[in-house]
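Two complexes, one shared chain (chain A), two partners (chain B, chain C).
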Partner chain A sequence: MRVEYINPFVEAAFNILKEVVDSDIKRGELYLKSTSQPVLGVAAIVGLAGDVEGRVLFDMNADTALGIASKMNGEDLTEFDDLAKATITELANMITAQAVTKLHELGFTFDLTPPAIFTGENMEVSDSGVEALIVPIELSYGKMEINVAVRER
Partner chain B sequence: MKNKQDFPNINERKPEGQKPDGSNYRVLIVDDSMFVTKQISQILTSEGFDVVGTASDGQEGYEMYKEQYPNVDLVTMDITMPRMDGVTALEKIIEFDKDAKIIMISALGKQDLVKKSLLIGAKNYIVKPLDRAKVLERILMSIK
Partner chain C sequence: MSSEILDIQDLNLPVGSNASGYKENTEVIDYKMVTFSLGGKDYGIDIMKVKEISKAAKFTFVPNSIPFVKGVYNLRGDIISVIDLRVMFNLPIPESNSAPENMIILRLEDNVLGVIVDTIDKVVAISSLRIQPPHPLFGDINIKFIKGIVENDDKLYIIIDVESVFDQKSADAAMKKRPVHSSVKGAEAQIEAPAARVPGTAAGDIDYSFIVETLATFSKFSVSQFNEGWIKSRYSTWVQQRKSSGQSVQLKSGIDSDEFLSGFSSPYSGLFWDKDYADMITELLPETDNANYSAWDVGCGKGEEAYSLASALKKRYGSKRIKINANDRDLLSISTAPNLVFSKNTVPEIYDEYITEGKNGWHFVSLIKDLILFEYHDVTNGNQLPPVDLIIARDVISFQPRDDQQKLCDMFYEKLKPGGILIAGANELVFTEGWVPVGNGLVSAYRKN
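What follows is the complex of A and B.
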């Protein structure tokens, strides 16, 4: 997978998370995975279709998602309800929009699906024929993994 | 001895959401995200604006505007929504009321749709993420 696809997502995630969630964030070591990967519990997925196709997953555990949603709403949310889901969806939306703007500037044209949220235990994601690159991000609320699996068409 | 009430409050300021006649500006929020609706609503009500309705798609927003006309001073309109998008709803509202004040709420990367909206008659736009200062500045520019 070309790094040109990944960097805009990492940069956008950093910018947006810093602005709306937590100024003290750190990036972990990125790694590649080619087989099925477990999903942490709450995952927002955005699909890409065009010159570049695939998906980006914003993956975190339920406590981290709740912490992020609480911070973004300025109040303590105690359960992962519709408002919390809408908040994580909006976060994924903002990060993806910024990344895609950068990719469009680099000359790639493609469309996006609106983010969808999956929640549950023991979930896995598999992508046939494309490796996933995972960028772990450490926030004070826990870990978020940006899991990007895209290829050129 | 003089007490607090005897001195004028020199720091007192009128909330931004108040019209010169003392009544509040009335805002309709059209957005499919519960989070964004809540965010805009909190910012506006804290400044004295009245949120007179919230709609979760363009069709509902257009219908609400017609129902409440002429008692809406400003509409905040998301661009990407199910059923009817914000640009179509803007077009329909402007067709119904050419003086409608509508401000578009956009994610980054929708410049073409923002330009189109401004040509149709939107007064201004705000790019997400939303922050209080940015929202109030753009709304006040559009409303006053």
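What follows is the complex of A and C.
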């Protein structure tokens, strides 16, 4: 993971989440992970292409996702329906887009793919040969892990 | 009897699995013990094993018996043998003043016997959940005779497992071992001997293996075939140095462990290479017709190594397209690397043509900077790097877990082009097949065959 990419992603995640979800958020220690990684239950994914290739995965459990969606919509959602899914997808889009904008200012060109969302139990993600940067974020609704795996072309 | 007690304990175990909370609420008193003292310490014996307590004198001495057998005693018509626990456990015996001795009569599975102790205290009732396993450092009694430790009223009681103490088999064995006419003193010597033997002959090995363990804990340094030579010679000077200054040989903190490892790291770790060292590295690099030259700098830290290498390669292969992948798994160090600034006087003169003064301090010109791609990367995670001409991994292998070291070395082999060079730490040696040592003096280098 190129050093210059790290900060834009961390900053974007922090700024967006603070603004739209929770003013009281904490960032955990960043670390690297490889091989297959378990997914907590709800995963929004945004692909990257351009100078680099890779993807950003937003990983959280269903309760956290529901909490965030409720907060962003300003109403209490009780089940993880289409509205809630669309909300989490949009959150992923906002964070990735801001990170990519920051990177563009630094001279790196990225393109985004439309976000997709996966839900289910006992899921795993594996991308061979790319190690992922994990940005753990503590929200009052629970924990979110932002999993960035990018490599130079 | 004993099975009953065990049953009660077993029944409580499931509750005890969340013992801390359980302890605070209600405590089932299910274990009573007779407490007594031996040599000034408190001990306990399960009350279910105790038939009665009494004071007794006038034991009938039995010739040819083992030293801790005081003799036999007539307990209201029953003849029982009497054992002196203080002799058995090698504890001091108070001056004999012919006063009656305190005796606990035990009822064991197959016989009744009396044991003599210093003083008998009282019966203490506790919850069996509070019995903790014996700590290996606990004193005078062989640990296999200890059932556990329990705290009551600010006193710690050592609970003796009488069944194992007076187990017929071990008694038989003990009898065989002892010479028939051995005195009490002889018995003491025999008891002490095995304990003394262990640290006596193997003290060096134990200290050494302890240091190996603590290096892993404090400095994440794993001793292995790659660095054992240095560690062993360092160990012998370390022992002398610590003993002459009256300090413990063992490493008690990260400071000790860093001190032990001082001198291990390669020259110019965290510094820019000076002319001599850069020349030594350059000498190792072969002529090549290829238009590209790629290098991989593993564990580049804050980047001094990568910049030094980039400058050296620029001088050596000026016309070629040079590319250096530099990575480190320490986020803080690697984050500062791409925009490293420094003060002019820390940089040797040979870099003068490549550095320039910026707003925040001196930095390398983009001619050099653009050769290097800094990445936050843990080398044990694997990567997609294409084969390279040169790998610099100084003092990297030694700081990986022992199991990963050979794997890493194999990966370096795989990632090098044929004839490529691996530069390891100054005190690291690679013995694996396929590597040809080409190092000189301060540089430990290997060529892939």
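In this section, the second predicted complex is superposed on the first by the 153 of 153 C-alpha atoms of A that agree within 3 Å, B and C clash if a C-alpha of one lies under 4 Å from a C-alpha of the other, contacts with A are read in each partner's own complex, and residues count from 1 in each chain.
Methods note: contacts are C-beta pairs under 8 Å (C-beta built on N, C-alpha and C of every residue); 3 or more make two chains touch, one makes a residue touch a chain.
Small disclaimer: the values here were computed from a predicted structure and weren't measured.
Applying the stated contact rule after C-alpha superposition, one finds that A:R27 touches neither chain B nor chain C.
Judged by the touch definition given at the top, the superposed model places A:Q98 against chain B, while chain C stays out of reach. In the superposed pair of complexes, A:V130 makes contact with chain C only, with no contact to chain B. Within the superposed three-chain model, A:K18 lies out of touch with both chain B and chain C [touch as defined at top].
Within the superposed three-chain model, A:R151 lies in touch with chain C and out of touch with chain B [touch as defined at top].
Those residues of chain A lying in contact with chain C across their complex are 1-4, 6-7, 30, 32-35, 129-131, 133, 151-152.
In the complex of the two chains, the chain B residues touching chain A come out as 33-36, 38, 42, 80, 107-110, 128-129.
Listed in rising order, the residues of chain A touching chain B in the complex are 16, 19-20, 72-74, 82-83, 86-87, 89-90, 93-94, 97-98, 100-101, 104, 114.
Against chain A, in their complex, chain C makes its touches with residues 329, 331, 334-335, 337-338, 373-378, 381-384.
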